[in-house]
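Pasting the structures here.
One chain, chain A, links the two complexes that follow: it is found with chain B in the first and with chain C in the second.
Showing the complex of A and B:
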């Protein structure tokens, strides 16, 4: 059971003649709370539908829990929880009825956990699904997908249109299970997932532009400011990892994309023996993201 | 319940914000030496942040000397280190320089900055360190 719960390699998908996925590679490690981020319409939902065996790939493929995605069958789905943005639910059922209706389909169904989720999510058990708000529907869908303790939970844009309270309850429900479960979430908005994801991958132009552990990503980026009595010209041996250099009369500023305190400081001292002061400021994820995404795009274009 | 308050600001590194909030709670006396500090789990749950981030925050605060690990009890707020005032002041050098640069850019007078500084100083309550100068 050590294999990655999701493994995608060389995945392509065309709709008629329009290529949407152009060779997507991705590995989601066990236990990750993995966010797939990218603008609307780049193929996040298509990717997830292929993973869930709703769509067929044009070429390449994906393994889910070690099984080829297009071979996924009923009993495999008892190990996977899946909630999509426009989750269809049997509207005439009440929340409680839905949960007891689903129970016999899942050998591992945990009725105590189901009841706990209903109360944790503040769901009205005796109300019909068609009378629930969007946030409540999403929470009901999530509760019904967590109650059988799946190994893998796949969520397609779960936060769209959720009010802040529902969102908090939803995230809390996920974080509580994140130790024993691999969670794969798609979102078009970085702000939705940046506080709680452990890994992040950026999908654009049909490919994964980068995929990294979030802590590692924010650790290796720093804005560096070097102050001088009089700033020298930028040296010829400027490291490739030092992005977007700017300079003024007394200041040189750049973004270090391979920051390690000791090494970076040594490199700065070697190049700028006259530096008066050096500061390294951590950057917000959004800034890092824009920087990396731009750089990746340029690399693909080149 | 965690012993400090935090509303996330967009545009600042998340982990820095948590470290800052915890540091402020200790310095302002909201948490005192020996007080238990929330576990990775509690912090993650209360702030809805990934346990990895919570873990990193706690490790950072331990390395900084603000927290210490007590076997059996968990992580507690540490006794402030016995360093000289000069040593401690040096930790602020970069921050002070940045403050002065920002103030000059805004065209503020030295007095304006000192007044504003004094306001913030008072707001945080009596300083623990002031007694052992």
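Showing the complex of A and C:
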């Protein structure tokens, strides 16, 4: 049971001649609340659909709970919950009927838990899905995907179009039942996930740009400001991890993407012996991603 | 409860409105067909449009119902909720098949039994034939609908897909026909009569079944929509190619089924052709060869079922002719030649080769007296009614058409009255004809001094005779106004 619930290696996907994924590698550790983030259209949904065996990869592959994703079928889905922003639900069903219809499909279905979820999400049991708001529909889909305590929950852009209250209720419902469950969630909006994700991967240009624990990510990014009486020119041996340097008359500012207090300070002192003051400020997640995205775009342009 | 039953119950609940509509259509279908099989005397000459209409509406209801039930768990696409739920594909397919069986096949079977009983044909011996009719309806109507439903997302797309397939098939068939034969009067593929066509019908129907099964399995097992659609298109192409199977292959099957030594001595003698002075514009030129049969055993007749001929001139142009006309043994054998070919060949000495596929048969005749019901072989019942100079015949029969064709014989010079002869064959390769209702009706009639007879032909032997002769075609006839 120690193996990663999701392992992706060398995954590529082309739609006709257009490559969307260009050799994606990723491992999602068990028990993680793993967020896959990236701009719109970079292949997050494609990745998830390949994981769920809805699409077939062009090359490479993925394993879900130890099963090749392209072999995922039938009863394998009794261990997985999947909710997507653009999923077509059986609109004619009421919430109660949807849950009672799905119940026999899942040996581990917990009717009490289902009732609890309906109550917690304030879902009107006797109303047809087609008469529910988008937020309500997403919560109904989530309730139907949590009631059997899946080992893995995969959520594809679940917060798109949800109002803040619905989003909070959705997240609350999810987190309350995340024990013993791995959650893999995609989003284009960092604000949606930065409050609760334990791990994060950034997908851009068809590849994972980085993938790590959120705490570690926050720890290794710092905005560094060095003040001088008169700022020297930037040295020729500028470290690759020091991103987006800016220089003015008495100040040099950059983002260190591999911040370790002692090492970073030693490197700064070695390059700027005349520095009057050095400050290292933690960065919000959004700024970290903008920094990384800019770096990726520059690399592509180069 | 198995997953299949669980899904079946869900589908029945979801489609209760559609099911009610189809049930109502079924009732209308039964009522219209019971009425059509027992018309009042004044209704004998009017075919029941209502029966026809209810059949069409019922078929449309089935198409819609099947499409709707399959599209409840649509197979193409990447947004359906069910594809990431623990559905077992075999259970899902079983649920859909069960639905069709329960709400299409079973009600139809009940409707057929009721129609049959109401027409006075209720008998346990009819059950195998009813099951055969279920089989053919499933094969020809339901299976293709099911297969098309499996590769489409909704009913509108299914209709578009079907239109696309039919249009493609028509152009492919027309193109092949033009390529192979250059010209056929009707502009349509000639499939041939029942006796000649049954091997081809069997192959076509089996190809349809194989294609539909392949598409459905492919889709339900792995949702390979592109591959399944391709399989559908390839099946259709194969079916169209089957329509162009060499006639010799088909006739060999008949010669094997109908083999009688006494046909060996039968010969055909033909003389140089005659051509009418004027011919209709659209039909090319009819070339009539006066022919006679010899050595036909007493009490039996010989009949050309299909004839194929080649006219060879210096330019080796070919004509192609088919006939089912029963003028032999004392009449002529007609071939059609397209006008351009005829123009090039007229006046020249050319080689002519023809192959006649002939049945030797034992005919039996029954007069159909006016004003009463006559019981005939095969459960047929025919009624003749006369109003003024108009004689109308109405027949009803279980499982097969009451007759296949009508020969009209005009009064002759010796003062014999004219006759309308309803011709049927005692042999059918199939237990029942393809239809939704097991009770078949037909009507016809004639005017003036005319007797109506029923003639049944019992095929005894199928054989071929070849004709080789050198002929000189008369000048090009004028176009009739």
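As a convention for this text, the second predicted complex is superposed on the first by the 280 of 302 C-alpha atoms of A that agree within 3 Å, B and C clash if a C-alpha of one lies under 4 Å from a C-alpha of the other, contacts with A are read in each partner's own complex, and residues count from 1 in each chain.
The working rule: a residue touches a chain if its C-beta (ideal position, glycine included) is under 8 Å from a C-beta of that chain, and two chains touch if they have at least 3 such contacts.
This structure is a prediction, so every number in the text was calculated from the model and none was measured.
S.K.: Please tell me, clash or fit, for chain B and chain C sharing chain A in the overlay.
M.R.: Superposition result for chain B and chain C: fit.
S.K.: Quick check for you: in the superposed arrangement, does A:33 touch first (chain B), second (chain C), both or neither?
M.R.: First partner only, chain B.
S.K.: Between chain B and chain C, whom does A:141 touch in the aligned arrangement: first, second, both, or neither?
M.R.: Touch partner of A:141: chain C, not chain B.
S.K.: Tell me which partner A:238 touches in the superposition: chain B (first), chain C (second), both or neither.
M.R.: neither
S.K.: So, does A:283 touch the first partner chain B, the second partner chain C, both, or neither?
M.R.: The first partner, chain B, only.
S.K.: Thinking of the overlay built on chain A, is A:86 touched by chain B (first), by chain C (second), by both, or by neither?
M.R.: second
S.K.: Figure out whether A:78 sits in contact with chain B (first) or chain C (second), or with both, or with neither.
M.R.: second
S.K.: Quick check for you: in the superposed arrangement, does A:55 touch first (chain B), second (chain C), both or neither?
M.R.: In the superposition, A:55 touches chain C alone.
S.K.: Aligned on chain A, what is the least Cα gap between chain B and chain C? Give it in whole Å.
M.R.: Comparing every C-alpha of chain B with every C-alpha of chain C, the smallest gap is 27 Å.
S.K.: Taking the touch rule as given, give the residues of chain A at its contact with chain B in the complex, in rising order.
M.R.: 33, 168, 171-172, 175-176, 178-179, 191, 194-198, 213-215, 218, 227, 277, 279, 282-287
S.K.: Can you list the chain C residues touching chain A in their complex?
M.R.: 1, 3, 6, 10, 14, 72, 77-81, 83-89
S.K.: Under the touch definition given earlier, write down the residues of chain B that touch chain A in their complex.
M.R.: Touching chain A from chain B are residues 8, 10-16, 44-45, 47-53, 56, 93-94, 97-98.
S.K.: Residue numbers of chain A touching chain C in their complex, please.
M.R.: Residue list for chain A touching chain C: 49, 52-55, 73-78, 80, 82, 84, 86-90, 92-93, 101-102, 104-106, 141.
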